[in-house]
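Okay, so subunit A shows up in both of these, paired with subunit B first and subunit C after.
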Partner chain A sequence: MSLLEIDDLTISLATTGAPRVLVDGVSLTVDSGQMVGLAGESGSGKTVTALTALGFVPDGATATGAVRLDGEDVLTMSKKRLREVRGTTVAMVFQDPMTSLHPMLSVETQLTEQLRVHRSLSRRAAKARAIEMLELVRIPNPSKALSAYPHHFSGGMRQRIAIAGALACEPKLLIADEVTTALDVTVQAGILGLLEQLRRELGMAVVFITHDLGVMNVTTDELYVMYSGRVAERGGTRQVLAAPRHPYTRALVDALPDAQNLGHPLVAIPGEAATPERRPAGCAFHPRCAFAEDRCRTEVPELLPIGAGRVLACHVDPFAPADGSATGVLLDGRIGS
Partner chain B sequence: MFARFVLKRVGAAVLLVFGIVVVTFALTALLPGDPAAAQLGDRASGDPAIVEAYRKAHGLDQPLWTQFVLYLVHLVQGDLGTSLQSRNPVLSDLAQFGPASFELAVTATAIAVIVGVGLGILAALRANGPLDHTLRVVSLGGVSIPIFWLSLIAVFLFSTQLRLFPSSGRLNPGETPPNHITGLYVLDSVITANWATLGSSVAHLILPALVLAAPMVGLLLRFTRSSMLEVIGNDYVRSANAKGLPAGLVVRRHILRGALVPVITVLGSAFASLLAGTVLVEQIFAWPGIGSYAYRSASNLDLPAIVGVTLFVAIVFILVNFLVDILYGLIDPRIRTS
Partner chain C sequence: MTVLDVKDVVVDYKVSGRPTVHAVAGVSLQVGAGEIVGLVGESGCGKSSLGKAIVGLEKLASGSVTLDGHPVASLGRGARPVRDRGLQMIFQDPYSSLNPRRRIWRQIADGLPSEGDGSPVATAGRSARRAAVNELLDAVGLPAAAGDRYPHEFSGGQRQRIAIARALAARPSVIVADEPVSALDASTRAQVSNLIVQIARERGMGVLFISHDLSGVRHMADRVAVMYLGRIVETSPTEPLWSEPLHPYSDALVKAIPKLGLDAAAPVAPRGEVPDPASPPAGCRFHPRCPLAFDRCRTDDPALVAVEGARSAACWLQPAGGPARELALLEA
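Showing the complex of A and B:
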């Protein structure tokens, strides 16, 4: 049994017209200690998908399918059970540490409250644990930091504090939603290294959500590329990035800046990202895809295995290798080194 | 750091008081209506010699700035002049009527905070439900129903018809007030263990306090609701929920804490309208407080008393806003440390 099993999850928002489908039949598994990446543009449903692991479903939306956390379906859990699971089995770190910490509560309160609730620790024991957590995320002078407030810290430090808070009760699974996006590039590397180290030391699984594929490569074992609420491609992170098979993944990789294509313009993906309000029929990516055929405009491509543990949802599969191996056309070493 | 924050506020408050003194003085100087004429009556004010003597005796013939300096000197000595109407020093009049108004205002504010903030929280947690819609009408009513009308209806309904509460005064006629300790009858009768007087003073207090609280309830309800809803949408509330904290704790510690700052700010200005309301309410309920005193002074053009009341009310208002500022700093660490 995997730690997290999302099975054919569909989330739709009832509107006056046709229901808006935010997530369309996504399946995803995360094993203990595994780091799984979820990539895609904003509106691809990656965050909505991951948030269901905590039992968060957008206001007014209905979710079908199953989201099994340690074998228990989160979608059918009682409110009480949900609050027990949150923070202890699954925890979350949010995108913007400037807003995810409470500006009027001390760091101590924000690090100890979940320990007092879930573990019934005394004030002193919780404080000792909080200091331990701050040391773990490498906040200098932890006991002094406890009495401070979030506005005393920089963005990177705040994100470390947020991570310390999420990990206080030793969750088995951490959902990290664009945790480096709001930070300076130099700080990003520190946070990524920290997450990687914590995962190894604590043996927890991480679902890492980002739109930045460059970040993915450093950290994740398994990569899901999502487009318009569906999984476009899945596989080992290195293989997927080294030899993307879906035209969308390929385009994302091509849009990455790196040292080799300095001086050359970046290749932007033409057209606009599909949104839940305006999702093209068939393969949602077809209006932006250079390889689209007639079938792509009418038929939703199925996710099919393409060997080496990879799956792909593309009718055309333009980057399939001639010899039929899973590798695909290698990119000129830009990624994966 | 907090001491410096408080000190800054004290400085600002002192400056404000001085400003108020200047303005009240200027107003009396500019006010139409000759106090000498008003005080001397029709026949005496017809005689220029009497008017002149009166003006001289009261320093009204001096240049304006001399009058101001004189006024300041007296003020510092606690001399607010003598009420032309009661013939008592204005300060002792204020000391006599102040506690009654204080008792009324504090009770009304307490009611307004408990009811207004409480209902505001409920409305926010049940946003757009039937309760929320009902409370919207309640709050609109509280804000927009004129207080004199509400007073009359309250008296008619609860005093005349239902006979639940007395309609006027602080005690029944013939009852002796409790020993003067604080001047607040409710508090004094508790201190002196005078239970009969306690019951009577509470019964007298309820109706005017409720009426006075009504606009404040409306205002606080609306502000608490909208402020709560704004905070509920914040990332840090989602963080708190993601930690699996009990719903009650999330509301109390995370949502309310964030929502309270604007509510407290409003409380300061709501208190101003409450002070204005006391004039009407005290008049209707025959409550012997500053409001009644102000009304009598104004209708008799009792200038020293008017100035005294204005100054008193302004200082109370500044004091309340000072407290609001301090409270603000206590709740939000960003305010006191930056």
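Showing the complex of A and C:
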């Protein structure tokens, strides 16, 4: 049994017109100690999908399918049980640490409250544990930091405090949504190193959401590329990014400034990303796809295995290797860049 | 040919009861016609303060900024002198830099030289101005009909194109662009980045491209200046900065970038934190975090000196006029 099993999840909003589909038949598994990445443009459904692990479904939306966390379905869980699970089994960190930190409460109050509630620790024991957490995320002078307020810290330190808060009750799964996007590369490198260390030392699993494919490449084991609420492609992260099979993944990689496409203009993806309000029929990516054929405009492509643990949802599969041996054609010169 | 010349610029922030912060502590740099110069560094290093000071949005505590040989005046309450309009700025947030209540074409037309300015190249008359706006919209890849619409009708990338068109209306010789693509989606970012490069090349316009996105800068810039705690620590043609950084701070930045590739190395974080700019370390400002620091670095502040290969560095390991020394060899 996997730690997180999302099975054929569909989330839709009833509107006066046609229902808006935010997530459409997504299945995803995360094992203990595994780092799983969700990539895609804004509106692809990656955050909505990940939030279901905490039992969050957008207001007014209905979810079908199953989301099993440690064997329990969070979609049908009682409110009381959800409160227990959040923070202890699964926790979340956001892009802006001030989303999770209260500006007017001291760091101590914010870090110890959950320990006293969830773990029934005494004030003294909770404080000791909070200091331990701040040491873990490498905040200098932790006992002094406890009496400080969020505005006393830099953005990178606030993010580390938010992570300390999320990890205080030792969740088995951390949802990290664009946690390093607002940070400088130097600070980002520190946070990524920290997550890797926590995975190694605590066996914590992480669902990592980012649109930065370089970060994705060095951080996650397994990658789900999402477009318009569906999984376009899935596989080992480095293999998928080095040899994308879906035209969308390929387009994302080509739009990225990286060492290997220097001297050429970046290749932008034509058109605008599909939104739940305006989702094209058939393969939702077809209006932006250079390889689209007639059936792409009418038939939704199925996610099918292509070998080496990878799956792909594309009728055309233009990047399939000619000899059928490997699972993808490596992008020129990208290896070892 | 140098069009923008920044010399020994100092920008101070004063708060009563607190020590003065030298956000920019003596910076010189040049931008040539048609040249794209990247300015990189971590948040708080003073790169945005420098950008604002160059266009006159921050007062210079000392130093000078000249455009085409003329000193640029700080912006007061009055209109900007016509002569300084050759220097334009694009900001990060295209949502706050456009007026939500005015039609696009009128906002772009604001930048056109007019007779009232006493400009020798004035565009007079409504239809001529509208035609000039249409040309600018075309130059940034928007249809003429866009001019009749309001900012909220556009996406982030389109708004940034509009902001670029408005800057171009003044026929600038240099544009200071402060994180112009950072708020955009990856794909839109590629489009707007390409547009800026294309415009700079076609119009022979200089661009000072301020960004924390090192990979993006590497893709666009001809030359790069690296800033740390109010100082420029290295300037270099773009490619050698990545392949062989001369300053240990540049090296730390390059090593922190997460890369694509099957065998990409994990990014490395430099040790320590950026110190408080109100009390920068003595000697070289980077020495507490520098793996190669020695005694002299703790007491003497190195000046930015020319090294071979059209490069410069402010590091005691890189002697003036000498051959560039490879940091990797020094570490070994």
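We adopt the following convention: the second predicted complex is superposed on the first by the 329 of 337 C-alpha atoms of A that agree within 3 Å, B and C clash if a C-alpha of one lies under 4 Å from a C-alpha of the other, contacts with A are read in each partner's own complex, and residues count from 1 in each chain.
Everything below uses one rule, namely that a residue touches a chain if its C-beta (ideal position, glycine included) is under 8 Å from a C-beta of that chain, and two chains touch if they have at least 3 such contacts.
Remember, it's a predicted structure, so these values are computed and weren't measured experimentally.
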{"item": "Partner chain(s) touched by A:R119 [first = subunit B, second = subunit C, both, neither]", "value": "neither"}
{"item": "Subunit A residues touched - subunit C or subunit B, whichever exceeds", "value": "C"}
{"item": "Which superposed partner A:G165 touches (first subunit B, second subunit C, both, neither)", "value": "first"}
{"item": "First, second, both or neither for A:V85, with subunit B first and subunit C second", "value": "first"}
{"item": "A:F94 touches, of subunit B and subunit C: first, second, both or neither?", "value": "first"}
{"item": "Contacts of A:Y149 with subunit B and subunit C, given as first, second, both or neither", "value": "first"}
{"item": "Contacts of A:H102 with subunit B and subunit C, given as first, second, both or neither", "value": "first"}
{"item": "First (subunit B), second (subunit C), both or neither touched by A:A273", "value": "second"}
{"item": "Common ground on subunit A, meaning residues reached by subunit C in one complex and by subunit B in the other", "value": "none"}
{"item": "Partner subunit C, residues of subunit A touching it in the complex", "value": "41-42, 140, 154-157, 184-190, 192-193, 196, 211-215, 217-219, 238-239, 241-242, 251-253, 255-262, 265-269, 272-273, 334-337"}
{"item": "Touching residues on subunit A, where the partner in the complex is subunit B", "value": "54, 56, 79, 82-88, 91-92, 94, 96, 99-106, 109, 113-114, 117-118, 149, 151-152, 162, 165-166"}
{"item": "Complex contacts: residues of subunit B adjacent to subunit A", "value": "234-236, 238-247, 249, 253-254, 257-258, 331-334, 337-338"}
{"item": "Residue numbers on subunit C that touch subunit A, as the complex places them", "value": "42-44, 155, 185-191, 193-194, 197-198, 212-216, 218-220, 239, 242, 252-253, 255-270, 273-274"}
